[in-house]
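These are the structures in question, set out in turn.
In what comes next, subunit A is part of two complexes: it sits with subunit B in the first one and with subunit C in the second one.
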Partner chain A sequence: MSTDTIKSVARYFVSITIVLVFVFPIAWFGLTSIKPVSAVFNKDRVVVFDFQPTFDNYRVTILGGKKSDTKADSGILMGTSGEGAYDGRGSIVSSLIIAVCSTILATSISLLAAYALSRLAFRGSQGYMHWILSQRFLPPIAIIIPLVFIFRDLGLRDTHFGIIIAHTLINIPIALLILKSFFDDVPREVDQAAMIDGATRFQCFYMVVLPMVKGGVAATAVLCFIFSWTEFLLSLFLTNSIRTIPVKITTFVTSTGSEWGYISALGTAAIIPGFIFILLVQNHLVRGLTMGAIKD
Partner chain B sequence: MSSRALLPRWLTSEHPLPWLFPVTSLLLVFGLYPILYSLWLSFFKRNPATRKEKFMPSYNWEKLFSDDRVWDAIQITFTYAFIALALQLILGLAIALLLDSDKKGYGVLRALMTLPLVVPPAVTGMMFLLMYDSSFGVISNALYSLNLLSPSAPILGTGSTALWGVIVADTWQWTPFMVLIMLAGLRALPKEPFEAAAIDGASSFQSFIFLTLPMMSKIIALAVLIRGIDLFRIFDYVKVMTDSGPGTATETLTAYAGTVYFKSANFPYASTVALGTLILVLLTATLFIKVFKVRF
Partner chain C sequence: MASVKVSNLEKAYGAIKVLHQLDLEVEEGKFVVLLGPSGCGKSTLLRMIAGLESVTGGDILFDDTRVNDVHVKDRNIAMVFQNYALYAHMSVRKNMAFSMRLKKIDKKTQDEKVKWASSILGLDDYLDRLPKELSGGQRQRVAMGRAIVRDPDVFLFDEPLSNLDAKLRVQMRTEIKDLHQRLKTTTVYVTHDQIEAMTMADEVVIMRDGYIEQSGTPMEVYDKPNNLFVAQFIGSPTMNTLECQVAEENGLLYAALDNIRLPLPTDRNLQVGQALFYGIRPEHLQVSKISPNTNGATTESPLTGSVKVVEPTGPETHLYLKLSDRDICAITRDRIEIQPGDEIYLQPDLSHVHLFDRETKQAI
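Our next item is the complex of A and B:
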């Protein structure tokens, strides 16, 4: 074998090994979710593969099955928490409502602002951009405490609408900056041509430019969805009974022990939508993650 | 054209106002107002016994500077951010160089590499809690068999290793972010300088140090800024994995603000700590932007 072949084989080998290291925690988590409890808590043999796969953990967490209906081998049955404590269906619905609504809200109002910042030259537009950017760098903890009081006074605490607003708030800066970078890619002559033909600014935006940045809007929406779907801190502070999935999962850790079967089942289920979406927007991912600063 | 005749100009789509109104009003009401509210709150002294608050503008701010836990938290936050950033940057660049190939299979590897990005950070915390478990955790057991860890000193339960445990989880999740950005940077490099360097007999290591790195400096600075600010705001991993413990070994600034909020219900002081964090983030970020001339 020539040295080039050896090098290329070695590079494959190292690359695959590294990628496997990064995939391993997810795979391990997924594997745990279908293990019977005796295999999860087996401390004499940590790496077990010869177990009987079970879907009881999914039955309880995402299908609403009763813990008592499943085999005694599911769940560690040590908590005193009632039936339904591990039912994640409500959380899945809440997370979906919140993620979808905040995505639509954040993307649509950011579209308007992004178009104006890209096309209408006005005094202070640079300052406005900086203000938006600084919102992205704001630690959520700095607004969360007053937000709890404001939400309480407005009756928004522990409501879907309240978290939708909160998630929209953190998604706006990201969505706006990405969308502006997509609008900047469209030549201004396009607008000018439409306006010479008698279109108003809004018609020009809605009928001419918007269709040209469809891909960018889709990518932005996907990123907003993922941010909302995975968000933890705001949901934790602003709710008591409505639990998004990330917050719900943390309640499975109790002082008497952690229900690893249920945690891994709901956790694995929560990862799947993100996986599908991120594969759809691979081409715009870098632009999204750098808020339009790097175009790919 | 009739709308132009009926409405004042600032209400038509020719003027930026209607475009920016929804985003601006939302950010003002739920973004800026809470910060002002927070500032206002920080001027009150809370009496824990009577739960009454008294106007004493300097009380909390003086307390902030004389609070040892704040200084510890600042130190822990900086240590955390610095180590995690260095690890993620070096790994990200190395993995990007490795995966930057047009050969068959590398596309799939690059796609797989993005998967950790969509896992909710709270779930990431859970994944690592499971793998770190001192009796059946796969990472702990691997370290036991290598004699690198003893069961009497669990990773997250020991002061000297707990922060590292959290850093590993953060690095697992966010190295892919660096990889993606570095890959975009590598792809955008011009070919000619490298060809010229090769003709002049430069080794690939030399062309990496003298060509790749300088040409990527802008992108590296941008990645460091975005990631650095997110590291500063770290909350989810600490909350889920260690809840600031053992003792206060992993208590970052945001975690401390959360602790003051949840455990002692001292809202004015919690706001002060949160605002202190915000000021520190803004100062550090502004300094970084000025020094490295980052542009969005």
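Our next item is the complex of A and C:
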């Protein structure tokens, strides 16, 4: 075997191993979601593929089926919560509302702010970016207590709107940082050319520069969505009845045991919206959009 | 079309002054080139005329109307940038029609104008392409097309050819000049390339450190530079300038360079002992392999230089020589056989000798 062949085999081996390491938890999670309880909990051996697939976990968590109807074959009874405690439909809707709204809000606000920070000179514009970013220096747990009190006093606690605002606030600094770098990549001459052509500053923004940073906007929106979709701490503290998916899943860990089947079913289902969202915007996830505007 | 007048114009960034009380007049329909080295303030001046930079002091007038406080979008100017600054997400057609779209001009007129511009610029086949699908020269043409469809009062060019390769630059240079001759729009063009300035301008304005050093027609600034800077900046290869001192022998003045005697024109007011720069353009140094004395042309002792490098360019040959221990250049159109190391005779054309005071660096 020549050195080149050995090298290429080794390269494939290493890359496949790395992919397996990353894919394994998700695959195992997905596999668990279609296992009967007897296969999830088996004292004698680890059940990998030799089980009778069941969609009971999905039926209960995302289709609103009753838990009592699905226990016939398991022989193991776990969890003490009542009927409907494992119905994840409400939390899927809540998570969707919160993630979509906070993504739109955070991205829109950051877009305008990032354009201003990139293009306009104003007093303190240098330190402004750092000041906004510093909001993210504190760990969220440090601000949770005051936030709970403020939200309670404002009547925002346990409302969708409240969580949307909280997630928007957390997302803005990162969104701003990313979008500003995209705006900085578009040469100022493009704005100036548009203004010479008769555009107002706002027309420059939405007719010329914004379409040139579409890729950046899509990337930012994906990040904001994923953050909001998976955020746990704020959602836990700021809500009682509204349960986002991450918070809902924790309720499947009960005093008498963990419902691994339900946890993995709702968890697997929760991957799907984010996945669809990324598929929708991935065409725009390219940085090369400003290509051609200037001499490369 | 409009004339442009700049009077007492100043620009400062904080305490740093970059333009010092500039006065400039661009007549209607003229092509004026602002020329100078990097950092001389030429682009700043252009951007102030465009309205992209604020004015610290003085006035900018379009047709005697003060435009200092008129917003850039209302000045009816068109500008072509060095990096083209095209709208990358729009087709060539949309790039060109953008200004008309903003003015809500009807679609038919827009199409007609775009067609007119594209036929002038040879872009007919590219109207539906995106800028990224075009070559550098085509992109620059789109930028010009975007400018001409607007029928502007003033055309501003900010080093538009700097990003193009040498051949394309020469071609675009001719195209821009041709375009100006056809449209006759008042044009201000910024460049650091003196060949561009010489070939395109009706008037060249040479700037340095925020001051205007000289302005005039290309041949005026070439033939009669006001000072040493202009003399050395204009012309390629650059003018030979030798540090000399005026001396006298038998009532005849000459410039002494070490033990070499350089002949001086008799129409200048010179004092013995005066320190000066002796300037002579390479093409005004006559070159020969035979001593001028032998054929009785002159009684002066001839200048001799030893050839270091010979650069034939085709129509002429550039010779880089050592005269005493100074490096000088001479250009000859004669096809004489010269090799590095040869000693050759040089004779300055006295009607083209430029003298500059050593201290003030001003022409004498």
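In this text, the second predicted complex is superposed on the first by the 265 of 296 C-alpha atoms of A that agree within 3 Å, B and C clash if a C-alpha of one lies under 4 Å from a C-alpha of the other, contacts with A are read in each partner's own complex, and residues count from 1 in each chain.
Please note the rule applied: a residue touches a chain if its C-beta (ideal position, glycine included) is under 8 Å from a C-beta of that chain, and two chains touch if they have at least 3 such contacts.
Just so it is clear, the structure is predicted and the values come from calculations on it, not from any experiment.
Participant: Is A:256 touching anything from subunit B or subunit C once the two structures are fitted on A? First, second, both or neither.
Facilitator: It touches nothing on subunit B or subunit C.
Participant: Does the superposition put A:283 against subunit B (first), subunit C (second), both, or neither?
Facilitator: Neither partner.
Participant: Check the contacts made with subunit A and report whether subunit B or subunit C touches more of its residues.
Facilitator: Counting contacted residues of subunit A, the larger count belongs to B.
Participant: For A:208 in the superposed arrangement: first (subunit B), second (subunit C), both or neither?
Facilitator: Touch partner of A:208: subunit C, not subunit B.
Participant: According to the stated criteria, A:194 is in contact with first (subunit B), second (subunit C), both, or neither; which is it?
Facilitator: second
Participant: Quick check on my understanding: which residues of subunit A belong to both its subunit B contact set and its subunit C contact set?
Facilitator: Residues 198, 200, 289-294 of subunit A touch both subunit B and subunit C.
Participant: What residues of subunit C sit close enough to touch subunit A in their complex?
Facilitator: Residue positions touching the partner: 50, 52, 72-73, 75, 77-79, 81-89, 98-99, 102-103, 130-134, 136, 139, 143, 146, 150, 163.
Participant: Residues of subunit A touching subunit B in their complex?
Facilitator: For this pair, the touching residues of subunit A are 8, 11-12, 14-16, 18-19, 22-23, 25-26, 28-29, 32, 40-43, 46-47, 109-110, 112-113, 115-117, 120, 122, 125, 128-129, 131-135, 137-147, 149-150, 165-166, 168-169, 172, 176-177, 198, 200-202, 205, 226, 229-233, 236-237, 245-247, 249-250, 253, 258, 260, 263-264, 267, 270-271, 274-275, 277-279, 282, 285-286, 289-294, 296.
Participant: Contact residues on subunit A for subunit C in the complex?
Facilitator: 187, 189-190, 192-200, 203, 208, 211-212, 214, 289-295
Participant: For the complex, give me every residue of subunit B touching subunit A.
Facilitator: Checking each residue of subunit B against subunit A gives 1, 3, 12-16, 18-20, 22-24, 26-27, 30-31, 33-35, 37-38, 41, 95, 98-99, 101, 103, 105-106, 109, 111-124, 126-131, 135-138, 141, 172, 175-177, 180-181, 183-185, 187, 219, 222-223, 226, 229, 232-233, 235-236, 239-240, 254, 257-258, 261, 267, 270-271, 274-275, 277-278, 281-282, 285, 295-296.
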